[in-house]
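Heads up, the next two complexes both have chain A, just with different partners, chain B and then chain C.
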Partner chain A sequence: MSQFMQVFLSGLATGSIYALVAIGFTLVWQAAQTVNFAQGEFVMVPAFFVLVGLHVLHLPLWMALAMAMVLSILVLGLLFKKLVVEPILPSGGISLIIATMALGILLKESVKEFYGAEAQPFPAIVPHDPINLFGAVVSMQDLMNLFLSLGIVVLLTLFLNRTRTGRCMQATAQNPAVAEILGVDVKRMILYAFLINAALAALASFLITPVYLAKFSNGETLGLIAFIAAIVGGFNQIRGALAGGLLIGVLDNLTATYVTAEYRAALPLVLLIAIILLRPQGLLGTSEGRTV
Partner chain B sequence: MKIRTFLAATTAILASLGAAQAQDPVKIGIVVELSGAGAPSGTNWRDGIRIAVEEINADGGILGRPVATTEYDTQTDPQVSRALVQKAIDEGAYAIWGTIYSGSTLVNMLVAQQNEVPQFVGSEAPAIVEKGNPFVFRTSSGAQKGVPALVPYFTDTLGAKKVGIAWVNNEFGKGGRDVFAAEMAKVGIEVVADVASEQAQTDYAADVARLKDSGADAVFVYMNQEESARFLIEARKQGLSMPLVGEVTLTEAKVIELAGAAAEGAIAHVGLTATATEIEGIAQFAAKFEETFKRRPTHDAIKGYVGAWATKYVTELVGEFDGAAFAEKMKNLCLDVAEHPHMLLDTCWDDRGEMSRPSFMVQVRDGSPVVIGTVPAN
Partner chain C sequence: MGGSWLRYSLIGLLVVAAILAPVGQGNYFTYVLTSWLIFSIAAMGLNLTLGYAGQISLAQASFMAIGAYTTALLTLAGWHWMLAMPVGLFLCFVVGLALGYPALRVKGHFLAFVTLAFNTLVFLVLRNEGWLTGGNYGLIGMPRPDFGLFSTMRQINFYYFTLAVTAVAALVMWGIVRSPWGRAFKALRENPIRAESLGVDTRRITLLAFAIGSAYGGLAGALVTPLVQFIEPGSFGLVHSLRILLMVVVGGAGFFFGPFVGAAVVILLPEFLRFTEGYYLIIYSALVIVMLAFVPNGLLGVGALLRDRLRPARQRADMVEGARLK
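Now for the complex of A and B:
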């Protein structure tokens, strides 16, 4: 039982970080009707902003984190939208998807070039020290990851549902043309979506890198798992992305512990195939009509 | 008179050509993991070689010719490494230094063999010297020699009755795991958890949970550097209390840097360690490396250094740049430190390229590996 709780809680902690990244996929999809295949790299890069703050600028950790958050919002939010999304979006969603793939490669290779190919240590925001919880030994860091991620998702949901700006963002996501007629500043709402995505990616980066270590290639796995989590949960629903992230985190750990460690990497893909066959809109997603 | 002048001129030209020939650098290819999962090992290997080459050239080169190296990045990809060994040989390499990852070496060493080019590798999988390749030579003992050296530690020091094995599922990890499991069977220690993980795996929560619940008295950890660090971090997170004992990588400087406090208490058997500063050659190398690269050398750095110097020593014993003669000379060769100080420790190779030399048991204490015992050559 304690082993089950152990892997269940660890899975929830990791899954909550997948969820943050998956929500980013959802936000960008709703804002620009495209998939950001550089999302994994968006999680990898902020960790290196922190390392630059710590080791090059010699800032204290909290200041390096704050600087990295601001830089991430500017570079991965504002600049991404202005320099990549806006010029390419009129050419169609496929062009933009390919552009994000190229951006992912560019970010990965740039970090490798400027910071090296080796993994780098990354300071934990909270200590790794273990505590006993329901018979399972979990670290403060895992609990922090879980509560912080869930807290952010709750706040984001409240923001989108309970504030005027949030409702305008939802209106923009549902039908930008009608939203514009109703006086919504559509461009601004789309920009907000990109800025929030960048902030979520940075937060995920700060939480997961102490365990994964800072490495240029971190985005490959994270991006893929979060993409699958978003599809499994429902690509057009934030709560779906949350559910998908948590589900994959927990199932991955349970599979590796009780079924097979060798094929654990295949689990998200199996889940993806099952969802596409049985419930294409995802577990909590809603069907969307598309005209050809 | 004319004939005499002609002969004198010809002799002068030949002499000058000979002098030029003597100054031609001897090309050597450093084919190693400079990016990808093997980058921590590969960059250290390369940097150890850089120091050796500087010293060798200051010492007159090899047979009077300066050494010129070219670095080739395998990206930790076996197929790329194979192509690069071929490229290095096509570009005139007299010897190959690398690779480190056993999965790559097993693929690329055939190319060096076909071209009769000596190859010093940092790989430790048993299979490498079991292929009958006379041109491949280790720079540290293979797992089949290194892992058995750990057995007395499990039986006598820890008094273990049950052990767990955490290993990375690649050629290196599988080789070490198989040898360790066989050694445990010989001494009657039960393996109660056999946990394989993938190369570049990031989440070790399930692996550690399985080991924790296994009832093992100690865990043998056999992974590459980054994986070892992630494993140690997760072990600390879950409060894994049993001793974690590894071979070579677990107490590496890079692992300690990455894992931080989570590496504290980890124990390993290492063939070479920069902390063995009571050995003069190692102390000198470590100081020079630290001064040059502003970091502590890993065992891969020392292996690269030793491989480069062994190339010089053996070539000069042969007396010419002849790959086949080099391979023949290497059989059952011993290079002692008294006459070959840059070997750092008395070193021997058998007729398959396997090496043996004294080794160490180390434990991470206060953030640094500390020698806690020596193991004689086996």
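Now for the complex of A and C:
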């Protein structure tokens, strides 16, 4: 039982980080019909901004983190929108999807060539010590990751539901034309979605990289898991992405411990096909009557 | 019609060029040419899925893996390549149907996600099931097909063998896109609602396009096995699926000859750009993004654009929407 608790809690902790990535993905999808296949790389890159800050510019950790956050928002938010999404969106969804795939390769190869191909150690933001909780030994890092990412999700939800700007963003996502008529600055709201996505990706990067080490190829699995989390939870809302992320984190850990460690990476495929066959709108999604 | 005469003589010229290309060249150049043909076949299949049916598949390299491993295992067991290859093709077709059936039930780019995840599964199976696939070490020593008087052990003979297979594959594809089926693919791409109202079963047609496209991936894989005579899981990863997808896009999705041009760019260009070393992929992916912004129809799209400038009267009614890449 204590082993189960342990596996479950650390699954929740990783899952909450997946949720951050999935939420960002959902926001951008809703705001600009952009399926970002470089989302995994968006989580990989900020960790390397931090490493550059630490080892090249010799900044203290907190300054390196702050710099990485600002850089991520600028590069992965603003520049991504201005240089990739805006010129290509008029060409259609498939073009944009392929462009984001090319962007993923670009980011991955750049990190590999300009920083290094080996996995780099990454400083932990929160202490590592194991603590005892209901008879299970849980690492402090896991607990802090869980609390921090859930805290971020709560803040984001409050922002989207309780502030004027947040509601304008929701209106834009639901119906841009009507939102525009009602006086919402639609363009600005879409830009916010991109900036928030970049910030969420950077936060997820800071939290998850100490667990996995920083490596240029980290994005491949992370991206896939984030897509699946968004789809499993239901594409049209934040709650869905949160639930999907947590579910995948827990299931992944349980599979690795109790079923098969060799095939744990096949879990996303199984989940994806199950959800399409059983509940295509996602666990928490509302049906839109989708068929081809 | 003058246009089609020009086209046929152009195709004839290309075939002659393909026959003469390796004459007097070294083994390495012939090897590169052969892999260009093989990747053209894989890209041709994906072009049917992407360019004609408008669905993204990210698993073309996985289908190549299925074709390659099936052929390898059977030829190692003593089968002739001509018998082993169809088994691989059939397997890819069936897996394509099984994978596409759930993914195409729902609207959106679900096939992209399903095939993305499928890549991981194929890689895991190839790596973990060592008793069958040789695990990380892969399989080695597969024989090349022997046709009595014509042995393909010599590199140049294997090139001609691949060229013949490519020609047959291209003719079959030509037949598919000009058949009622192929016209249904195009109808679907140009105006799905109207196609559906005219009785085109959208789902079945898209599913078939994907399964046939996957079988072409299998054929390419079946040719990789005797060419390299060594296969391992790493040669069929996600990166390679993306590479094939970019071939289709760069060449021009929805154009019949797009895959050949795209594969040439992706396979031959690195040979000429050796001096860029590791930066090659960075430059290439950046160029793809720029291309998608300015000429989303690919290199052949540029050609069509120029032709329309010179002779603006000709508007192909079946290319108005294109592959929705513009």
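One rule holds for everything that comes next: the second predicted complex is superposed on the first by the 287 of 292 C-alpha atoms of A that agree within 3 Å, B and C clash if a C-alpha of one lies under 4 Å from a C-alpha of the other, contacts with A are read in each partner's own complex, and residues count from 1 in each chain.
Please note the rule applied: a contact is a pair of C-beta atoms (placed from the backbone, for glycine too) under 8 Å apart; a residue touches a chain by one contact, two chains touch by 3 or more.
Note that the structure is predicted; figures quoted are calculated from it, not measured.
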First (chain B), second (chain C), both or neither touched by A:119: first
First (chain B), second (chain C), both or neither touched by A:139: first
Chain B versus chain C as contact partner of A:60, first or second or both or neither: neither
Partner chain in contact with A:211 - chain B first, chain C second, else both or neither: first
Chain B versus chain C as contact partner of A:84, first or second or both or neither: second
Touching partner for A:130 - first (chain B), second (chain C), both, neither: first
First (chain B), second (chain C), both or neither touched by A:151: neither
Touched partner set for A:262, first chain B, second chain C, both or neither: both
Footprint overlap on chain A, comparing chain B with chain C: 112, 221, 262, 265
Chain A residues within the chain C interface of the complex: 35, 37, 84, 87-88, 91-99, 101-103, 105-106, 109-110, 112-113, 220-221, 224, 227-228, 231, 235, 262-263, 265-266, 268-269, 272-273, 276-277, 280, 290-292
Residues of chain A that touch chain B when the two form their complex: 2-3, 6-7, 10-11, 14, 112, 116-121, 128, 130, 137-139, 141-142, 210-213, 215, 217-218, 221, 252-257, 261-262, 264-265
Residue numbers on chain B that touch chain A, as the complex places them: 34-36, 39-40, 43, 169, 195-198, 200, 202-203, 205-207, 209-210, 212-213, 226, 229-230, 233-234, 236-239, 254, 257-262
Residues on chain C engaged by chain A in the complex (per definition of touch): 50, 54, 56, 102-110, 112-114, 116-118, 120-121, 124, 128, 202-203, 206, 238-239, 242, 245-246, 249, 278-279, 281-282, 285-286, 288-289, 292-293, 296, 323-326
